[in-house]
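Below, chain A partners chain B and then partners chain C, in two separate complexes.
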Partner chain A sequence: MPLSLSLAPFSFKLSTNIPLVNSNLEKLYPSYCFEEQAFTDYFLQVHNSGLIRQLFRKQARFLCDLREPFKPLDYSQAFAMLEWGMNWTVASHEMSFLLVHSAVLAKDGKAILFPAPPGSGKSTITTHLAFNGWQLLSDEMALINLKTGRCHPFVRPICLKNNSIKLAKKWFPHASFSSIAIDTHKGDVIHVSPPISCCDMRFEDAEIVGIIYPQYTAGNILEIEALDNSNSFMQLSNNAFNFTALGKIGFDTIVKTVEKAKSFRVWHNNLIDLQDFIEEEIL
Partner chain B sequence: MCYVLRDEVFVHPFSDNSGIALYNSRNFEVVCVSLNIHCFMKLLRGTTFNDSPLNHTSKVISELAAKEMIERSR
Partner chain C sequence: MSRSLLSQKSIIQLYTEPQLATSVSLRQWESLILVMRSEQLLARFGYRFRDVGVLATLEKCVQRHFENAITLAEHQHTQIRYEAEKLSTYLKGKTKKLVFLKGGAYVLSNCSASIGRTCGDVDVIVEKSDITAVEKALILAGWYHKDINDYDDQYYRKWAHEIPPLTHGVRGTVLDLHHNLVPIISGRMVDTEILFRYTKTHSHGIETLTEPAMFVHSSIHLFFNEDFKYAYRDFFDLYLLSKGKSSEFWIEVINISKALNFKSEVERAIRYLSLCFELKLPSETISLFDKKLFVFELSFKDKVFISGLSPKHYLSTDFFGIISAWLLMLRGHFLKMPLPILFYHLTVKSVRAILESVLGKHIFTKVENSKSIQNNLTSKRD
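Showing the complex of A and B:
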């Protein structure tokens, strides 16, 4: 029996025969996510590999609407594969929003985008802010409304990698963590459930007032460089998933987003300093 | 505000005068010319164009940028 997974604004049906996937879903997602929905956007499957393959090294396979976009992964990485698969599914198919590869957090209805490549400390910032009173809209992608320019939440567990796993467990020991996926292409990976207050705000969109391009750096410093609109535009468009597919409306949406927000490039190490900067200078 | 250049190229001069973004609707290509050329912005906004050497350069840049994008799409 497929499982309903309602993650506003999208709904999924998930079929899986891997107990690790079920146990992590129950641990990380609130119960309302499993309520039956009238309409399903995407049909997903996470299954173990065939009988012969199971005998010497079990693997997990991900399918979206009966297509298999990735090669199978190690069985222990099945839950991480589902999370990445959901990201891929939305990023590859959605045309109702401008999708930007970015974390998004908000305070008092004002959202900050953190577009950045892997390894820039994006998820560590996300975890820190989400557990310090900010509203988590997304750890992975910004859903920007093409008409209003506001950012919609897509609240899911935060993906932590390598050194940030230890930090998050130390800072927030009472949070719900998934089982660890070892030796993935991103290193060791774990997912952490956001605070319930973030889940409760899953329908509350926010106005984008700032764009921060973060880069983690060694040493206890915080360097900030204000970016002009041209620079910010090019960086934001480079991080957009469906920019070219949307055509002119995608172009217009990025232009408007950049025009109304303050943009900065930030080299950071101290998250408290970074939070102070955002709250004092941008919000 | 977005402007149309040569039918298929949309141009957006940024309000902070840091440059212009150009979008070719034929091949979905986007170019951002990051220059601090105030007169070029004025030209695109349709204000009075004085035939100074600087303004002429700006005009040439805009024409070349649009032409390049149109050529690439063919």
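Showing the complex of A and C:
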């Protein structure tokens, strides 16, 4: 029996024969996610590779209906593969939002985007803010409404990599963590469930007031550089999954977003200072 | 849900009578959307429902999937037009003829089969004597051949009707460069001099076949072939190309099919269009065709073909569908290759696959030397 996964605004059905996937889902997703839904957007599968590969060096495969976008991964990475597979599914089908590769957090209905490549410390910032009273909209993907320009939540577990795993476990020992997927293309990876308050706000969109392009840096400094609109436009469009497919409306949405929000490039190390800066200067 | 709503007939009916969409339940839409997406028909139905005003009455979640598909198809059409303008301008003077084929040509000629048509690559045909010059020119302009082994390269160049596909280094577009409509090895090549009489020039000097010639080519592509993966979509193309056409269109279709010596493929198309889409030819043209085309009784062969022209998604197909696909694949191979060569080809392919898996991937890869690197810069391989 496939499992229902209602992850507003999208709904999935998942069939899997890998126990690790089931146990992580139960640990990380609140129970309302598993309720039966009236309509399923995407049918997913995470299965082990058949025949001989069940016996040695077991593999996990991801399928979205009949399409298999990735090569198999190691069996122990099956849950991470499902999370990435869901991101792929949304990014390659959904055109009703402008989709930006970005973390989004909000306070009092005002959202900040953190578009950044892996290694920039984006997920560490996300975890820090989500566990300090901010609303997590997404760790991976900003869903920007093409008409209103507001950002919709797509609340999912936060994906932490390498050194940040240890930090997050130290800072928030009571949070729900997934099993570790070792040695993926992003290094060691773990998923952590956001506080339940974030899940409760899964239908509440937010106005984008700031865009921060973070870069983690060694040394205890916080350097901030204001970005002009054209510069911010270029970076935001480079991070948008469906920018070219959306054509003019995608272009207009990015222009409006950039014009409304303040943009900064930030070299950070101290999360408290970064949070102070955002709360005092942008909100 | 029952398979009945996902059958070839029901989905066709949903296209010809789109008002039926209002009585489809949410659970039925789940499966229908899966099948339509996998058959590459989601955008086509999206336009259909939108044009008759049904789309807006459907549930929001259902609407969204059709609108997503429409957006993606529109974007692809923009890309195809851009690519065609670039190619036509760039190759002007480098080849006598450059004619766009199949999905790309539907889009470029803006004919009825362009509606919601998506395609994985751009297909063009040039005269055989121009193909080397065109290939070299394209490589200079940033197109390259993806990794392909010596045997496959030789297969293309000796037996096929096209050279190995070219990919654009920046834009990623895939281009299939043909010099004939069917493989050389089949012994059924068309005379391109005749084919090129039936072309039409559009803006920016872009050339496609005329609509009757497109119908003939699409029939050949569908029935003189072993690959029925997207046959259901291609069948819809034929329907859209032929719907409501006058007797001049059909007379031209007959003439072209005779001139190219592919009359039976066209007749097959007409037979199945009449049976499945209830296509009605203008009464004055019916006498031009064999009466047997319009007999309702189905032979086993008909059943196999109709099954091949049905959705392949597992929600929609059955055991007979799987058997049919297999029979049609065998038939297509026999049509295209004389038996000894087919046997040789399949043996080489399987032996090489076994040896590569046992002895390593590069057992057949030739060692690179400076001379071949230099050749790569100037000629065929990337």
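Convention: the second predicted complex is superposed on the first by the 283 of 283 C-alpha atoms of A that agree within 3 Å, B and C clash if a C-alpha of one lies under 4 Å from a C-alpha of the other, contacts with A are read in each partner's own complex, and residues count from 1 in each chain.
Just so we're on the same page, contacts are C-beta pairs under 8 Å (C-beta built on N, C-alpha and C of every residue); 3 or more make two chains touch, one makes a residue touch a chain.
If you're wondering where the values come from, they're calculated on a predicted model, not measured in any experiment.
Q: By the touch definition at the top of the document, which applies to A:D65: first (chain B), second (chain C), both, or neither?
A: second
Q: Contact-wise, after the overlay, does A:K262 reach chain B, chain C, both or neither (first, second, both, neither)?
A: neither
Q: Given the touch rule stated above, what does A:T40 touch, chain B (first), chain C (second), both, or neither?
A: second
Q: Tell me the contact category for A:R150 with respect to chain B and chain C: first, second, both or neither.
A: Neither: A:R150 stays clear of chain B and chain C.
Q: In the superposed arrangement, does A:K110 touch chain B (first), chain C (second), both or neither?
A: In the superposition, A:K110 contacts neither chain B nor chain C.
Q: Just to be sure I read the superposition right, which of the two partners does A:T244 touch: chain B = first, chain C = second, or both, or neither?
A: After superposition on chain A, A:T244 lies in contact with both partners, chain B and chain C.
Q: Just to be sure I read the superposition right, which of the two partners does A:E94 touch: chain B = first, chain C = second, or both, or neither?
A: second
Q: Which chain A residues contact chain B in one complex and chain C in the other?
A: 244-245, 247
Q: Once bound in the complex, which stretches of chain C touch chain A?
A: 26-27, 29-30, 34, 37-38, 59, 61-62, 64-65, 67-68, 71-72, 74-75, 78, 313-314
Q: Where on chain B is chain A touching in the complex?
A: Its residues touching chain A are 2, 10, 12, 14-16, 18-21, 23, 25, 28, 30, 32-34.
Q: Spell out the residues on chain A that touch chain C in their complex, using ranges where they run on.
A: 11, 38-41, 43, 65-66, 93-96, 244-247
Q: Which positions of chain A touch chain B when the two form their complex?
A: Its residues touching chain B are 228-231, 233-234, 237, 243-245, 247-248, 251-252, 255, 258-259.
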